[in-house]
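See the structures that follow.
Both complexes below contain subunit A, partnered by subunit B and then by subunit C.
Let's turn to the complex of A and B:
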């Protein structure tokens, strides 16, 4: 699983909020655009980001393998469900191979699927870099800095804090219930699996609700939420670099959208 | 209690709820029998927490939990499904006062309402919002995304119908009923 890794690059030195904002701009652009040129530029920037953040490829290569499998399945599914989607989008039809029935191969379909592939490719790297270079507690504090209500920011930091605990507890409960004969694999019927799942979740829910009470009482006693602002142990001020990166992100978004929608269509069409 | 921000208990519930949601969505997979689809137990927890702590909690649990799941897969955040899940969490919590889970009053009548709401919410989120956003953002073939949405809605509804309802019954039974004390004469 992806996790924070200590590092000294300039991406690590950026505030978590800066990276998150950049990531938001990035994913909005990645979602809106279908312009091949914009996506190629974004792909190039991704590779550059990997290089400057000094993320070792071995650390994240398992993700790329998973991703490739997922993309292959999805591209295949698109073809099976709509072999003429590309033709519908680009408005022309260049048949390369006359297949069986409606399953022909057209240049438009190939180009469309290549674009979908590119789109998946540019969505991933920004998320990976955000995860690998951002310290969780620093992230919560910096969210508060960019205007997220501090209760919500604190809820996020609680989530990150309690994920390992919940995970360990779930494993313990699951093992002891399985030792008592609850079957969750394919061998059991669907109804049995669902019932077995409730037998595991029930103790987890009880202990978690108890934990919620303990934590909230402790926080209430310490006066959490009394004041409008709070300080953060791992908070750090924004630097000039942060502002520059945010500006670059916003600029990238505006420029990318402008290029994409200049001709009133989000697709770049090489066929006309 | 802080009127402007969130109630502390709700806020902690969001944090812990999102952690459970994340663990269930990320690490626990129970094969459903249909290839490539797993029973998503996170939906059951979401329905319970939204039923107890309300729409804002449901919304934030789904949003934080789902975003984190997508981030740690490294596949980029699939905002169309995250937003659908967020709306789903919100809808699940709308009638929380009627369920009376915390007051120990979750009976047959409440269970029926709970499930009617969750099925409608499932349809709106996974057959309405998610595929439409998929088409808007990704321009994927309509029949493909609607089929995916329908599968998700069906599985989610089944999980909440069985697991979510059982959890609500179980938890509500341990709570003291409101007004259960009687004066001795």
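Let's turn to the complex of A and C:
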């Protein structure tokens, strides 16, 4: 559902480390800023990049809907727990609709939540692009290149390697235990379902331990952990394009932060 | 490296490998696993190390590659030298530069996310630049013909392809010694044959030392080896040329199965001697008289002639093995089994595709067959052919797109997984995937307790089942203290306790040596005879298929290709190719001996063998 898809766009041509670094800059800026103008530009760039990467929407529609749902819940929760947050931030109070008790609708609150919405519009496409245009085996080398210890980076890569196998094994075990009578559907009580889950987890844990044993011996026999450093088969050398993209990313970060904090406040305030 | 040592003999040994009075005891064990091992392997030799489970052959493999004592701790005495260097003092990393290991499980040892990455793994750890790495991967991958699959992920490679990736992964480092730990254990028969061929080709083209650890002798000897080392109870029992070993009774004494064609020759009264070249069915001498004297080359007698004027013993001395086989074949009376009559499970026009499959490719296509009460049937075909899918459909784990399954005349489509399990039991390949309790009694009782059966009824049924399965003496043991074979039995017991009439077993004998294989199969056959339990076994093991089942279903690409006797299937070359099976050596033997109906000969052998083993 969020798997790597081969492609020939300029985003695909970048090395994984470049994309990772750019994504990091992009996320930092998106998290720091509440400057609506900056965010509008960023959201536009994110969506543009998504289009340029030629990611097929059908491939990611599931995750997209999931994010949409999560976003709606988040926006609702902000309103439920802090209906006056916008007023507190912007210092004015323009009531649009008088509600019950503390739940009024103010222009400030709407504007604040629109800003949060914009953040999603920046982050979601960027994260999806990173996932679908980077081969999983390039992730480990990218992480290593930006300074993560290679054992940790490789552990992540191995996890990706085993996810499909463990998924299939889980399904097989779950069915054979269902045949023996465990009930996982809503028909059974919570206690029973928990007991049923443990009847699946125990075999899964034991067979995963077997796997770990085999793979760690195989890795040791082939010299894993011998040196402090290692090279990567799937790592791509940086090209001019990579350097440009990283530079642009860094410049955008600085520029965005400068625009945001120029007036000493990270919020853009249209109400004064 | 030490080529400067001068003396030729020493120089030879420098690249070889040598154990001198080597004894090893695991930290967790109370007595040594290996006793006084003396073994020298010269560079360029090809050695087969055979032995039953627990004979110490895997421990020897672990010593050779350094997992002992670096990963598996323990105490060693004596010497182990590789290339003249004390290997016990070398780290596992240094040793891995001399000995390359291909482990048993081709999937488990696959480290990378793609084939190319996996092959390059050792170079990555050596900090070789990416460009050079790619060139070397390309070169070595064409050596094992995997160069067209470098971008594929392990999920998209077959078992045989994964094994070739592992071979490339050790060859890339230019090691002197290649160690293969049970290379046939996880492959289908055809892939196994290709693996042995490839290993042989590597041996001839690269001149590397090859060490094969394997208990399936006949399959491993598909290409010749220089010596066979037989291990038992932690000691080396024999270290002989194949022809000499196969002429002795050492194999039978340790419980390693001899090649089937040799059993057939022995039944026909042929004495196996090294002069017969018994190491391969294509080489064995059939058209000469028994070479007791080693000189006489009496031409083969025509089948019509008789030797009535000689005593039978004397006659046997003078007849060629081919003639003895022909005469034996004529004496056999075909066994006619009563045809099974009561249908138990009818599958008709079953169709299925996995929902995640992109272009709705069918995993099962219009399959129909019927299993009868008390039948023993094998289900064969290459990995991914649809065998397991078919089993899953029968058990209700998947819902078919079309067609129907009826049990005892009743349509099963509305029955849940749980309801079906009361008639049809399913035993997974790996017992660890089924065991969810720590005590045997609880494990076996589990299926009954989830069905809210009264506790004293549960206990009676559990006791009965444990008796039947020969597990009663162990009933209070923790499962972790059991051997693999005993665990397998526990999983079978935990299904039998629900009293199914049909048992589906996925690879019941995978990874087991001949003795354990016989134990499990005789146990299942006993259940079949005594309780009328019907068996459907998914298997790659051609021996199991021939010896223990009366009928076999062959599946390829989701289609049912054949539904026939194992003897007919394993002698049909088209079927064999389509389903990745392997023709039985009995057939080749019969053809070479000039037996007019080689197929019937195979059946005669099976019937005779059954009578011999079970009086």
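FYI, the second predicted complex is superposed on the first by the 269 of 272 C-alpha atoms of A that agree within 3 Å, B and C clash if a C-alpha of one lies under 4 Å from a C-alpha of the other, contacts with A are read in each partner's own complex, and residues count from 1 in each chain.
One rule holds for everything that comes next: a residue touches a chain if its C-beta (ideal position, glycine included) is under 8 Å from a C-beta of that chain, and two chains touch if they have at least 3 such contacts.
All values reported here derive from a predicted model rather than from experimental measurement.
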| item | value |
| --- | --- |
| Superposition on subunit A - do subunit B and subunit C clash or fit | fit |
| Touched partner set for A:224, first subunit B, second subunit C, both or neither | both |
| Contacts of A:131 with subunit B and subunit C, given as first, second, both or neither | first |
| Which of subunit B and subunit C A:238 touches, first, second, both or neither | neither |
| First (subunit B), second (subunit C), both or neither touched by A:152 | first |
| C-alpha centroid angle, subunit C to subunit B via subunit A, nearest 10° | 60 |
| Which superposed partner A:20 touches (first subunit B, second subunit C, both, neither) | neither |
| Partner contacting more residues of subunit A (subunit B vs subunit C) | B |
| Contacts of A:271 with subunit B and subunit C, given as first, second, both or neither | neither |
| Which of subunit B and subunit C A:190 touches, first, second, both or neither | first |
| Partner chain(s) touched by A:117 [first = subunit B, second = subunit C, both, neither] | neither |
| Subunit B versus subunit C as contact partner of A:202, first or second or both or neither | both |
| Subunit B and subunit C, minimum CA distance [Å, superposed model] | 5 |
| Touching both subunit C and subunit B, counted on subunit A across the two superposed complexes | 157-158, 160-161, 165, 198, 202, 206, 211, 215, 219-220, 224-226 |
| Subunit A-touching residues of subunit C, taken from the complex the two chains share | 65-67, 70-71, 92-93, 96, 101, 103, 105, 107-114, 116-117, 120-130, 133-134, 137, 154-155, 169-170, 392, 395, 397, 417-418, 420-421, 425-426, 428, 430, 432-437, 446-447, 449-451, 494-495, 498 |
| Residue ranges of subunit A touching subunit C (in the complex, touch as defined) | 135-137, 157-158, 160-161, 164-165, 169, 172-173, 175-183, 198-200, 202-203, 206-207, 210-211, 214-215, 217-227, 229-235, 237 |
| Residues of subunit B defined as touching subunit A within the complex | 2, 5-6, 8-9, 11-20, 22-24, 26-28, 30-33, 36, 39, 41, 44-45, 48, 52, 60, 64-65, 68, 70-77, 79-80, 137-144, 147, 158-159, 162-163, 166-167, 170-171, 174 |
| Interfacial residue positions of subunit A with respect to subunit B in the complex | 1-3, 27, 30-32, 34, 60, 63, 66-67, 70, 73, 77-78, 81-82, 85, 89, 116, 119-120, 122-124, 126-128, 130-131, 149-152, 154-163, 165-167, 170, 184-186, 190-191, 193-195, 197-198, 201-202, 204-206, 208-209, 211-213, 215-216, 219-220, 224-226, 266 |
